[in-house]
Amino acid sequence: MNRLLTLTTFLPVAGVVVVLVGGRALRDDVARAVALVTTIATFLVSLVVFGKFDPAVPGYQLVEQAEWVPAIGLGYIVGVDGVSIWLVLLTTFLFPIAVLASWPVEKDVRLYMIAMLALETAVVGSFLALDLLLFFLFFEAILVPMYFLIGGWGSARRVYAAIKFFLYTMAGSAFLFLATLFLWSRSSGLDGGATFDLRALTELAGGLPVTTARWLFLAFLVAFAVKVPLFPLHTWLPDAHTEAPTAGSVLLAGVLLKVGTYGIIRFNLTLFPEASRYFADLVSILAVIGILYGAVAALIQTDIKRLVAYSSVSHLGFVVLGIFAFTAQGVTGGVLQMVNHGLATGALFLLVGMMYERTHTRELARMGGLASVMPWLLGTYLFAVFASVGLPGLNSFVGEFLVIAGTFAVNQWYGALAALAVILAAIYLLWSYQRVAYGPVRDEHRGLGDLNLRESVVLAPVLALLLVFGVYPKLLTDAIEPAVARVIERVQPAGQTTDVGEVAVQQVEIGLVPDGGQQE
Amino acid sequence: MVGALAPSEATGSLPLLWLVPSLPLAGAAVNLFVGRRLGKAAGWLATALVAASFAVAVVVVLDLLAIGTEERLYVQHLFDWITVGAFEVGADLRLDALSSTMILVVTGVGSLIHLYSIGYMAHDARSARFFAYLNLFVFFMLVLVLGANYLVLYLGWEGVGLCSYLLIGFWYEKTENANAAKKAFVTTRIGDTAMMVGLAFIVWKFGTLDFEAVFGSAGAQLTEAAATGIALLLLGGAIGKSAQIPLQVWLPDAMAGPTPVSALIHAATMVTAGVYLVVRSAPLFELSDIALPIVLVIGLVTMLVAGTAALGQTDIKRVLAYSTVSQLGYMFLAAGMRAYAAAMFMLVAHAFYKALMFLGSGSVIHGMHDEQDMRRMGGLLRRMPVTGWTFIVGAIALAGVPPLAGFFAKDQLLEIANHTGRPVVWILGTIGALLSALYIGRLVFLTFFGSARTEQAEHAHESPSVMTVPLVILAIGAIGAGFVLNSTAEGRIAHYLEPVVGEVPHGDGLPVWVLGTIGSTVAIVGLVLAWLVYASGKVDRAAFEERLEPLPRTLRNGWYWDDAYAKLLVVPGKAAARVTAFVVDAKWVDGLVNGVGRGVGGLAQVGRLLQTGFVRSYALVFLVGAVALLAWIGVRL
Amino acid sequence: MPLDNLVFWVFAPISVASAIGMIVMRNAVHAALFLVVNFFCIAVMYLLLDAPFLFAVQIIVYAGAIMVLVLFVIMLLGVARGDDLRERLIAQRPLAVLLALAFVAEIFVAVRAGIGFSTKAPDGFDAVNEGGNTQALGEVLFRDYFLPFEITSILLIIAAIAATVLAQRRARPITQAEIEQRRSPSTDRGAAVDEQIEVREVPR
Amino acid sequence: MRTPIAYFVMLSGVLFALGTVGVLIRRNALLIFMSVELQLNAVNLSLIAFSRMHNELDGQILAFFSMVVAAAEVVVGLAIIVAIYRRRQSVNVDDARELRW
Amino acid sequence: MIRTPELDLWPLLPELFLAGFGIIGMLFEAFSKRSPRPVHLAIALAGLLAATAATLALWEYGGAATVLAGTIANDRFAVVARLILLGVAFLGLLLGTHYFDRDPDGYRGEFYPLVLFATSGMTLITVAADLIVVFLALEILSLALYVLTGITGHRHANEGAMKYFLLGAFSSSFFLYGIAMAYGATGTTKIADIANALAGTTDGHPLALVATVMLLIGFGFKVSAAPFHMWTPDVYQGAPTPVTAFMSAATKVAAFMALLRVLSVALQPMEWDWTPIVAALAAVSVIVGSVLAIAQTDVKRMLAYSSVAHAGFILTGITATGAAGIRSATFYLIAYAAMTIGAFGVVMMVSFRGEERTSLASYRGLHRTDPVAAGLMALFLISLAGLPPTGGFIAKVGVFGAAIDGGYWWLSLIGVLASVAAAYFYLRVIVLMYMQDDDDVTDAVVTTDGSLLPRIAVVIPAALILLLGVFPGVISDFLDAASVLRW
């Protein structure tokens, strides 16, 4: 039987075991190497998974199913579809980079690497789990290593940030937990007895009373909204991002936030299609508020990491907005935006981290003129900035445009308002870039080194992907689209707009008189 | 009315079209990564590649001309860019009359400016980076004009914005340069965003962004309101890019970039992209009753505002910048009258003479050792003859003195205004022409005539030939363009563009020769007036300006648009951001969260006091619990 | 009035009064004596309820042995007069009385609803007590409750251990000074640090 | 026997309540302990009353065991009280409140 | 003439072993001058081993549902309960031995027999099929624990013992009152007969209702359910740490298992009456435990409040009546026993010479001086917080799942939210252990002495917690067997 997904998930645990068993006998460098090798191996395995994955098939693939705790119907069920495959790849791709970027960490290296590896397992597991409780298990398990990473290796207010991150997320997931158990409890009437199997529960959830389903939807949503984070549940994020060590921020922004949006697609939309429609406006409005709010708040930040953090709030709003448009373009754009944001913001945090290692400050006011000192570092930073700004040709644009186009066709206000963030993004990112890079060089920064080999190796693949996915997003969308189509089919009843590309055709064929259109 | 064209088969050299943008791109890539090691060769490489691109463009366009008028369209599909559901966007290049005109201008003028830059940037340590950006710009500009759908156009559109940003801020050690770069990018992005929403609108209505498909079914698909919406949103993009009111504020500041940049990006090509967009989208604009009138009004107002502002400038490049804005206003005006071909004609002509003048001003600045204030110049004609004379050619062309390029363009425009029953437009346009002559005359006379007013001016030197040769070529273009493009009554370029943009409107009004005479007279009067004030020595300039205060100061400050924006938008915006971030977010949203935490913590602190340590208190609590439970049960009995 | 009723109404008030006496007597010895009185009254009730064996046990073991032990300790520790009646805990007394009244009320409600105030003891208890109450009890005890009876032995062993472990003087008692000395170096510092933690880590 | 069983049960309830009052308001550990003894005795009364009501002996047996338990508790309790008196020279429970909050 | 009952003592063999070895230990203590700990330990362990063997043998032992005149239940539930308790006792003994190694002044040889006696009381209460036996067993374990609490004679231990004793006796009287009421309502004290007697009534006999409440109060006191928990923090803090470890785990297991038996057998006909009460107790316990722990600065006290909260969680599971409730509660008890004894074990390793250094501040930078202790503590805390991949998580799934299944979603909501609050104080300890700046740590460096004994005693529960977290299915059969009560 095919055990590839299991291998992808648990390979990092092997690294954990090695480091644990090695104990104090393991030198720091060896621990680092173990982590790096493990994460790279995991990436390679995930590539094999990708190789076996057939993008044309919409459903779950490479499914592994085993009984785990039959007594409560908890099964070990994992599988990938077009949405999760990319998130898994993103995760396994970012982890070696994060490990490599953590080379300068000197404090408790072994513990650090253990946390990293454990985190990888938890995140990959979340993306692969097709059993609700298994998902929740991984979802919760993410908290612990991340908590250690932030609290152990963060900056001054790390403890506050770590605890806040932890409690906030846990409070949100409490509702998910209850809703999961509720569904499970309702499933006892099924043929196989009570189960957490997503596929079985999907059937079951269709038959729930409307009100019940709506409450459950909200319970799921709260958990994911915290994780995403969706306004107004976002305030843990600036603190966590800011205080986390570089790799922590990279992974937090790059991967962890996506667990939330992924959860929304995988669970909220799939399990509660009616409720999803019912609450679409509410969520969309929150997403739009988040998009603008995050951007506006980013405008005035003086701490560069905090600024990037708020930009994440804004960017993730796009993802949610796209998802709740229920159009192929919107949802695909949302998924695309997940991957793209992971790469772009990941790159930003990597670069900010590298700058921090040199200048020992995150205050914009205390930087300036760095472009003259470290042209390559700041050049790559600019590249990442523009990717994040949504410059066409770089990756984020495609997702953003698809989201806006996909949303606009459904609700013009959401689309138009969301687009405003594009302006704001340019303002805050370029403003911050200017304060970091341009202007006269400060005395204390003279003589700082430019990118070294390790850092170049860290950055090169990420930056390359920023470009590749901008120029040829079909690489991603070909696999995403069938999976998304399947979700939309479930959510959106026939007759509704599900594909903005088909609008014109329909109108022409049926001979509809073009409608009144948007009143300007 | 503009109809759809049937794409033709790939014949001859047409399939080489992709090379046109690719060559500069290759140059950019090489210069970006290994340019440092190339040294001097970097500039030559960049220039050579753009020139090669020009050559390919010429070959391709010649092959296009070989095709019959009605099929003069070639679409090259490179690869699928975005495909989601039924929504498909290809990386498609489109060669037709309009885009062929544009690529020739871009690559032609572009290669001259590259050549010039070799001299201009010779002493800059990062010149390789400069050429990389410049090449990249040419690439994006070509993508912009060659794009076969709105999204590819948008790619180029934003790309040129990026390069503009990079190049304006090329000397980023100076904070004001960096500020100018950011301002340029952000201001244009405001327009761009409107445009992006416009694209979303198009997607909503058409399900595609392909020019052919959109224009082909526009009449059937769009209501008037929808068409207005789309047109105005696209116009937003055009206004930003072409620095039209109210987004014109970035262009004068953009002069902070190296002068070749100003010539290429902020005069000849990028800023005209707005005009190109309007012309390209004409089928959509025409479906709306108000879109084109709005274009016209914006053009008119911009022309006058910028024309007057140009009068007040003292920085040689800022005069040219306002002049550019004003001239772009003319082009919008033309487009607003459906005289697309006239707009394009003006665009091409303007590319020549304005590039010429920018390069000339660059040469002056070069010769003056980075002095840009006209008041500190004077009498440079003697010291920099090539620069001076070519500059004068450009100025005359701009002023609209026959038979140079500017005259034909402006003349045609005013004629259309007159003949289509727009007397007000005609009168204001004529006033605008007078303004042009005035400010450019002022510039020329202050800079090149009279006596040297400073040490620097006395020791100014002519630039090397690598810089002057392009000037000469452009001067020839400025002189010849009018003849070449407009030799017959219909106008060659108008005829050429007709399949794409339709006919130039006709009508009745004053006879053509009367209009031409009025136009020429106005131009000459303007120049003479300028001579009187600035070069004849018969007027006390300082006293004259003194008497006019506060007008000169207002003009110098560009009608205080910047200050108004600062007060009305930036300050409140910052305040709003501050409130959002530090009050709403920190105190309220996060405050609520932390409040819950603190509340629980407080509860804990209070609650622990219950644990008094007195065993009898514990017993009391125990008993309270017991009695309460029993009471609960008792109630149910 | 039947005799048993009379006896009940004589001894019930006494038992209540003696109980009250016990809880309000300042002197511990007096209180203990009131308790003995109370136990005696209860013993009488046992008799009324046809439980003569327990009547005997109550008087001999409880009122006799156990209370004597308690009195002995009171004397031993010399704490008979130690209890001053000023209450430090606010509202402890009124609450205690209130809760007790509520408790009685609840029991009253339950008893009235459960068995009613007219239910008399059924006849036939003599049959149960065939051969005498003691014999009958013995039979039940050593047949059905053989195990619990054995279990009590463990209970008593523990009691014995308790006495030796807790009450026995230590071979080398730890002095107050020693404790103070031990406490001071680490815990005091710990306490000080505690304060810091509080300040720092309560989430803002 | 004419006295209703409920009377005994109620008497037991009252005594039990008095016992709780004693526990709550006395500060002498010995007296608190004696109050607990009062409670246990009250319960025994109930048990024996119920035993009579049900016409069987389990209740009496239970009361008997309760006495044994009480005896054992007395021993342990007194031991503890003696120990604490040794350490503090006081049997006032209010004095022993180092463990709190 | 006394008719002798049928004597089937096999089902009682474990208790006999425990008590027997307890007596041996006591005799040894009485006749040995120096009362060496290794010998004591050996005797006690032998007792545990014998009891364990006897217990295991009972797994396959058929026999009647109850033996010894219906006073002792003979089912696998009892076997499971005993095994848990024996395990806890084993760990408690190991910890205690180490504790007294470091604090010889407080040492009393009686510790070992007392633990055995307490254990026998605990196992007995879980097998008791007669409320009389329940009461007696309760007293056995209580008395033993009172003594154990005060065994060192230290000041705080004394105070703890006194408080425990006074309140314990107070609650015992309530418990006994409950038994009396049950007897009054049904005329019997055998839980099976009570069930039968109650089964006929429809609206619940008022006395039975009172009995239910009183019994719940009594059990609630033992399991530290609020508002009957007040003794817990003081006693946990005052008692010697190994005793705290032992009693926090074992008492809870014993009392809960007994409660389960009483509720699901004797009071099974009154399910609808007692579930709301249990739910109310659960809600109050969870809130009180979770919230008040936040304010604590002493780690033992903090764990005490945590124990209150966990009592609430287990009660939450019990609201789901029947097998589901038993299953979930039993699993939770196993996990809880492991994590709490482990956590207290680490507390003991960190503290020295008795009860010093139990303040939270003592844990600063522990992972530098003793990474193993810190790591294990972190694991226990994470499990207590109910996070994967630990047994605590699966346990929480079980109880909340059962409660939701039973319709108590509001209780689950309170539970999960409270566990968020609870996570805060667990995390705080981790902060202290792991997230201090190096210069902060130096003035409060803590060293554990690295002895083997306590390490064994904490590694075992740690392994168990992980096992339960990752492969909870391993005890599935165990739980299946346990969830069927015979009567």
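For clarity, chains are labelled A, B, C, D and E in written order, and residue numbers in each chain start from 1.
Rule of thumb we're sticking to: contacts are C-beta pairs under 8 Å (C-beta built on N, C-alpha and C of every residue); 3 or more make two chains touch, one makes a residue touch a chain.
In this text, all values refer to a predicted model and were calculated from it rather than measured experimentally.
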Exercise. Through how few touching steps can chain C be joined to chain D?
Worked result: 1
Problem set entry | Chain at the geometric heart of the assembly (C-alpha centres) | A
Seminar exercise, completed: Ranking A-B and A-E by C-beta pairs in contact puts on top A-B
Problem set entry | Length of the line joining the C-alpha centres of chain A and chain E, rounded to whole Å | 43
Problem set entry | chain B-chain D separation of Cα centroids, rounded to whole Å | 96
Exercise. Where the CA atoms of chain B average out and where those of chain E average out, how many Å apart are those spots?
Worked result: 77
For this session: Would you please write down the residue numbers of chain E that are in contact with two or more other chains?
Result: 132, 136, 139, 143, 146-147, 150, 153, 155, 161-163, 166, 170, 181, 184, 206, 209-210, 233-234, 295, 424, 428, 431
Seminar exercise, completed: Contacts with two or more other chains occur in chain A at residues 159, 163-164, 167
Exercise. By residue number and range, which residues of chain C touch two or more other chains?
Worked result: 88-89, 92, 95-96, 99, 103, 106-107, 109-111, 113, 115, 144-145, 148, 152, 155, 158-159, 162, 165-166, 201, 203-204
Seminar exercise, completed: Contacts from chain E onto chain C in the complex sit at residues 2-5, 12, 19, 22-23, 26, 68-72, 105, 108, 110, 113-114, 117, 120-121, 124, 130, 132-133, 136-137, 139-140, 143-144, 146-147, 150-151, 153-155, 161, 181, 184-185, 205-207, 209-210, 297, 353, 356-357, 359-362, 364, 424, 428, 431-432, 443-444
Exercise. Which residues, counting only chain B, touch chain A once they are in their complex?
Worked result: 79-88, 151, 154-155, 157-159, 162, 165, 169, 172-175, 177-179, 181-182, 185-186, 189-190, 192-193, 196-197, 199-201, 203-208, 213, 217, 220-223, 225-226, 228-229, 232, 573-574, 576-578, 580-582, 585, 589-590, 593, 597
Problem set entry | Footprint of chain A on chain E - complex, ascending | 327, 367, 371, 382, 387-389, 393-394, 397-398, 400-401, 404-405, 409, 412-413, 416-417, 419-420, 423-424, 427-428, 430-431, 434-435, 438, 471-473, 476, 479-480
Exercise. What residues on chain B touch chain D, complex-wise?
Worked result: 608-609, 611-616, 619-620, 623
Exercise. Residues of chain C touching chain B in their complex?
Worked result: 88-89, 92, 95-96, 99, 102-103, 105-106, 109-110, 113, 202-204
